[in-house]
Amino acid sequence: MFNMEKRDKKLLIIIAVLALLAPFALNPFPTDSAMAQFNAGYPDLMQRFVIFGIFAIGFNILFGLTGYLSFGHAAFLGVGSYSAVWMFKLLSMNVVPAIFLSVIVAGLFSLVVGYISLRRSGIYFSILTLALAEMSFRLAYSVLTPITNGETGLQVYTNDPQILMGPDSPTVTHLFGLEMRSSYTLDIAGWSFDFAVGYYLSAIIMVAAFYLSIRIFRSPFGLMLRAVKSNQQRMNYTGLNTRPYALAAFVISGMYAGLAGGLLASMDPLAGAERMQWTASGEVVLMTILGGAGTLIGPIVGAGFIKYFENIFSKINNSVLHEWFGFLPDGLENGVIWVLEHFVGSGWHLTLGLLFMLIVTFLPGGLVEGGQRIAKRLRRKGADDDDAPGNKTPAE
Amino acid sequence: MSKSDVTRRGVLKTGAFAGTGLALPTIFTASSVAAYTNAPTGGGVTLGFNVPQTGPYADEGADELRAYELAVEHLNGGGDGGMMNTFSSKVLKGNGILGNKVQYVTGDTQTKSDAARASAKSMIEKDGAVMITGGSSSGVAIAVQGMCQEAGVIFMAGLTHSNDTTGKDKKANGFRHFFNAYMSAAALAPVLEKLYGADRKAYHLTADYTWGWTQEESIAAATEAVGWETVNKVKTPLASTDFSSYIAPVLNSGADVLVLNHYGGNMVNSLTNAVQFGLKDKQVNGKNFEIVVPLYSRLMAKGAGANVKGILGSTNWHWSLQDEGTKAFVKSFGTKYGFPPSQAAHTVYCQTLLYADAAERAGTFNPCGIGEALEGFEFDGLGNGKTLYRADDHQCFKDVLVVKGKENPTSEFDLLEVVEVTPAAQVTYKPDHPMFAGGELGKCNPGA
Amino acid sequence: MDAILLQILNGLDKGSAYALIALGLTLIFGTLGVVNFAHGALFMIGAFCAVTVQRLLSFSFVTIDETKTDFLGNPMKVKTPYLESWFGPELGASIIDWSVPIAILFCIPIMLLVGYIMERGLIKHFYKRPHADQILVTFGLAIVLQELIKHYYGANPIPTPAPEAFKGSFDFGVLMGFDPNAIIYPVWRLVYFGFSAVIIAAVFAFLQFTTFGMVVRAGMADRETVGLLGINIDKRFTIMFGIAAAVAGLAGVMYAPINSPNYHMGMDFLVLSFVVVVVGGMGSLPGAVLAGFLLGALESFSSMNEVKALLPGIDQIIIYVVAIVILLARPRGLMGRKGVMEE
Amino acid sequence: MNILEVKNINKRFGGLQALDNVNLNVVENTVHAIIGPNGAGKSTLLNVLVGKLIPDTGSVMFDGQSVLGRAPYEINQMGISRVFQTPEIFGDLSVLENMMIPCFAKRDGSFELNAMPPISGQKDIIERAEHMLEDMNMADKRHMHAAAMSRGDKRRLEIGMCLSQEPRLLLLDEPTAGMARADTNNTIDLLKQIKEERDITIAIIEHDMHVVFSLAERITVLAQGTPLVEDTPENIKGHPKVREAYLGETAV
């Protein structure tokens, strides 16, 4: 089944199971406990995890395999979101045409950007992508406001045409009547778990996207992309034209970004221009490097890591800290809180910055490689492994 | 963060959800039949304070947060009660809202629509917030307002000045206490005419995004109505940090007034640059060259330093006002934090009190009930004089302050002086005014 | 004509800031081979040197003035800077007024030290690492630095005016026979331009005419060979990092009166400075300077009303348009060397 | 029959005449060496042949078709493979993967969006690559990281990669430069073996006379951008012009 090797199948199954059980896995703490602050199992954040996972998986096909470091991929995500919202405005709130169009438009846009940028390599390529994306952002914010609704962000108004909208059609995004925002809450003892339609749609698409990326990694095309990264000179003198390979990877990753953008808009039908800013492009670069560029699962891990900090750490405020450390004697309590408040709430950026530095310094290769190293050490402790030293497959 | 109830989440049920085939015991609790999103069930009610904590408006966000904390303290009966004592409505008793202790969660908007919505969503979905409030820019306010409308919670806007918030993007679940670009212009124009004369030529520099445009449109229309001529309107890129190339040609354009439709860092820099070029000391057309900043804030004035001296603008509120409400608020804020509150702090404090009061009067947290209680509500004692929450667009109508940068500040907070209090009637417009046309409030959405 | 002359002045002025930052960035890249995303943060720290010196100089003691009241109605606490009480109000105030020029002296050792600590403590571990890792770690460092500044100085801009003597503007138009007010330019910006020119010239002279500079230049061209000659190039590179940091810091300290410093000013300049460096050509010092002035000038011209009327929004994107055009026309920017950062 | 015909090639770099009216014919199924002192234009000539440089004038015909103006990958697809002075392999990939890439290039052409089927299903390619590795005596290293191999092995792999494309003309650019004596001899043996086992034309640029005289059937001597003589190794050895060109400096 699935035409894959055993270890890949295992990985896919793990991801699928994790995605399925995320509402449980991400809410490990009882709702009333002090630790509930760290729960991440609410629909919006879970959706963000998987959607940015898709974005990073796609980015990794370009950066992880070919080594071309694009600093403009957020533009494709933004274009995807805009296309999706336009579909909601023009047709109906059904997400299928929206997602479909977002992938197509992002693909076309990335074809243009890729065609121009891939004429150069290295940092020159990076700056070209950065320039093209930043141009898109700035124009979307100002001159293109009729199309993008500028600062406010493109949204659906009741007086939009919506030609496919029947009198009974849902007015929120839906999949053939199944509303994205509808959810079940399951309460067991002190725990509370959310199961949202939007999350499961995104998760299924993410698993499919992950499956596709495994297939690409393991295909002859994937091998060619790794060859592009390794030695373009040899590629050329082996009768292989590197440009279309890199361009294909660029467009595929652009389509992944468009898919992510379309899904973001499907979960929440508003598309803001900031989605296209260079900081957003930088974020996906950081996700991929942090998780482990060129590894299959790294980008998802990196995406989850950054989104977790952004959404969970930024919400820890002083009163939360006081609640946590209320048991300490006053002087000590204030001391602890004084230290911690640098790192949470409005200080969450500082924590993130420090973690970037620590991870890249001590875990070269990202979180996944760090995890592998720990796993290896544990295994070695158990019994001497039969891993031949040369048996390392580069792109796991 | 511990909260007492388990099932705050409004369960949006469609019955269509059939995907996962769970064989687990599904224990549905009372909330699944609640009438609205995040109905409080235990003894507490959770409010969501969504302010910029990172990015250029972080200081404004921090000040908003201080005011929110103060408001919560007062609502729960702590502190000196602040403006609760001067508020014309007397239903708030210091025992929380409807007997529920007020709790709050905070989040970071990063001054980005996406992040703001994510943060607001987590407050609604995870923390069970029944009301979202905050923000320090119009893009964010409009984005979050739209989301609250969909989710079925009330949005009490923080600092947002664009006409669109209660104009083409107005929503039934959203309410704005802060004034807007039209009001700034309507308040400023007569003062400008009085001080600088009717025969003036204005040159506009405008931040190139929605708020800037509505500000420019409003002030240009208002000044043209008193006889001024608009020489030029120039858009400046949002990301600009140096405005020299936009300011350099001003002096030679024949204009004798420069209007800076900028806010935040943009305004600090453009004003600083304009003063560097010596515009304040020049004579053009036989008159003193003047600079106008339609939307002022004290925090911005602080950033621009001595450059604000003598420069006119408008503001929603200022701590030096001498009415009872203002004095009470400044006293309790100043005592707690050691410095006077900003207008952003003031507006969010008012919004919190107004929300709590509306809930008390309506006897419910249901957004529709609260909406009804706020619509057409007239009140006084919150520092702006008599104020009306207009039913047609959920905009507050109240006096607008025209202020000037103080020539001889006595302290680091004493940067602006009130030149005139423009009465509410003068800044009121019809709900169908063309600058506000295009949107519909729609119907209130209680969520579940 | 006068409008064009004005924009030429503007271009020189903007360009000198770009050129200074890009120069430091290129020095670090050229000598150490490190892509330094924290360079904008160094510029920002420079600007905050000015803020800090201003604060130190106006360090005050508090007296209670019973005749006045503060905003709460309590007796007013009046702050008097120690300097004013030591040297008398006039001299004290004028020393505080001169805090930015004083900060220049203060800034150089600070920045050298910051650069030294950064290079020895962090950057040196990343010489052999992929550029992506360098970007990640220096980006992390940039965030940490700016968050620390934000924590202690707040997010709002802090006014740091130039000395009274440099305030106001200079009327070129009159000199050249135009009407008064036709071409006026702020004095401090002219000082900034002159100052930048001096620093750029000093860096070039240092690299051109000193043995130290010659070795560094040789090292930039071919690190291994120079290493083989038994010269301890690493130590020199550490010093070069310090110098690059000092150049960025000086650019920042002088910039403080132009626009009030805030904690994110470094990030605002970061992308732009990379564009400048790349347009100039990776590893080329003259290229960086040339590109800085070129982009500054083009940005100024694009903001002219006549140009904007023709191409709406062009001033938003001109930098990027120019970058794209140059990179497509010249594969390695204006003066880039072959094979540098092309993998 | 000539497989490669180079006619009247000129190439100037600024003031330097790198190639001065070069004519060269390589006969099919021979080993043809191009020798000459440093700066004689050997590398420039090679770069013209593979499409990296375009000459100012002249023509280069490979098997009756012009190669000029074609990109390197197109020329390779015509049947010319190049071995570099320092081995150019895919260092990040395993040895087997290295060998598979030219096999794909041979089967699928210069670009094929073959993104869905797994490599493990490409039996023909794997078989071919494995076979080639065996031919090269490298089968035991198939899972090794290519970058981790010795220089000699890298050279061997690179030659194997070129051969797996079944080129009609193999160009070698100083294949033993920087090698120890033993490695050099191994490479000579390898090339001899290749020549024996396959129908292939080899053009070799070399400094090392030992290599040249062990392998070449024809030799062209290049000096100052122009061919001096072309003859058999025996004749070249005693040729006065060659001595002059090569030993000129020391003879003076």
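Quick notes
Should a chain be cited, it is by its letter among A, B, C and D, assigned in written order, with residues numbered from 1 in that chain.
One rule holds in what follows: contacts are C-beta pairs under 8 Å (C-beta built on N, C-alpha and C of every residue); 3 or more make two chains touch, one makes a residue touch a chain.
On a predicted model such as this, the values are computed, not experimentally measured, just so you know.
Of the two chain pairs considered here, A-B and A-D, the higher C-beta contact count falls to A-B.
Taking the mean of C-alpha positions as each chain's centre, the chain lying farthest from the centre of chain A is D. Look at where the CA atoms of chain C average out and do the same for chain D: the two points lie 52 Å apart. Per-chain Cα centroids separate chain B from chain D by 73 Å.
Averaging Cα coordinates per chain places chain A and chain B 33 Å apart.
Per-chain CA centroids place chain A at a distance of 46 Å from chain D.
Among all residues of chain B, those that touch two or more other chains are 58, 62, 208, 235, 237, 239. Shared contact sites, meaning residues of chain C that touch two or more other chains, fall at 313, 316.
For chain A, the set of residues touching two or more other chains reads 138, 142-143, 349.
Looking at which chains touch one another, you get A-B, A-C, A-D, B-C. Listed in rising order, the residues of chain A touching chain B in the complex are 20, 31-34, 36-37, 39, 42-45, 48, 138, 141-143, 145, 149-153, 155, 157-159, 172, 177-179, 181-188, 190, 192, 194-195, 197, 200, 264, 268, 270, 272, 274-275, 310-311, 314-315, 317, 319-320, 323, 345-346, 348-349.
Only residues 35, 122, 125, 129, 131-133, 135-137, 139-144, 147-148, 151, 271, 274-275, 278-279, 282, 312-313, 316-317, 319-321, 323-324, 327-328, 331-333, 341-343 of chain C touch chain A when the two sit together in their complex. Chain D contributes residues 50, 71-74, 76-77, 81-82, 84, 88-94, 97, 100-102, 104-106, 108-122, 125, 141, 143-145, 148, 161, 165 to its touches with chain A in the complex. Residues 63, 67, 69, 116, 119-124, 127-128, 130-132, 134-135, 138-139, 142-143, 278, 282, 285-286, 289-290, 293, 342, 347, 349-350, 352-357, 360-361, 364 of chain A are the ones that touch chain C when the two sit in their complex. Against chain A, in their complex, chain B makes its touches with residues 1-4, 6-7, 9, 11-14, 16-17, 19-20, 22, 24-29, 31-32, 53-54, 58, 61-62, 65, 69, 104-108, 112-115, 117-119, 121-122, 125-126, 137-139, 142-143, 146-147, 150-151, 164, 169, 208-211, 235, 237-239, 439-440, 442.
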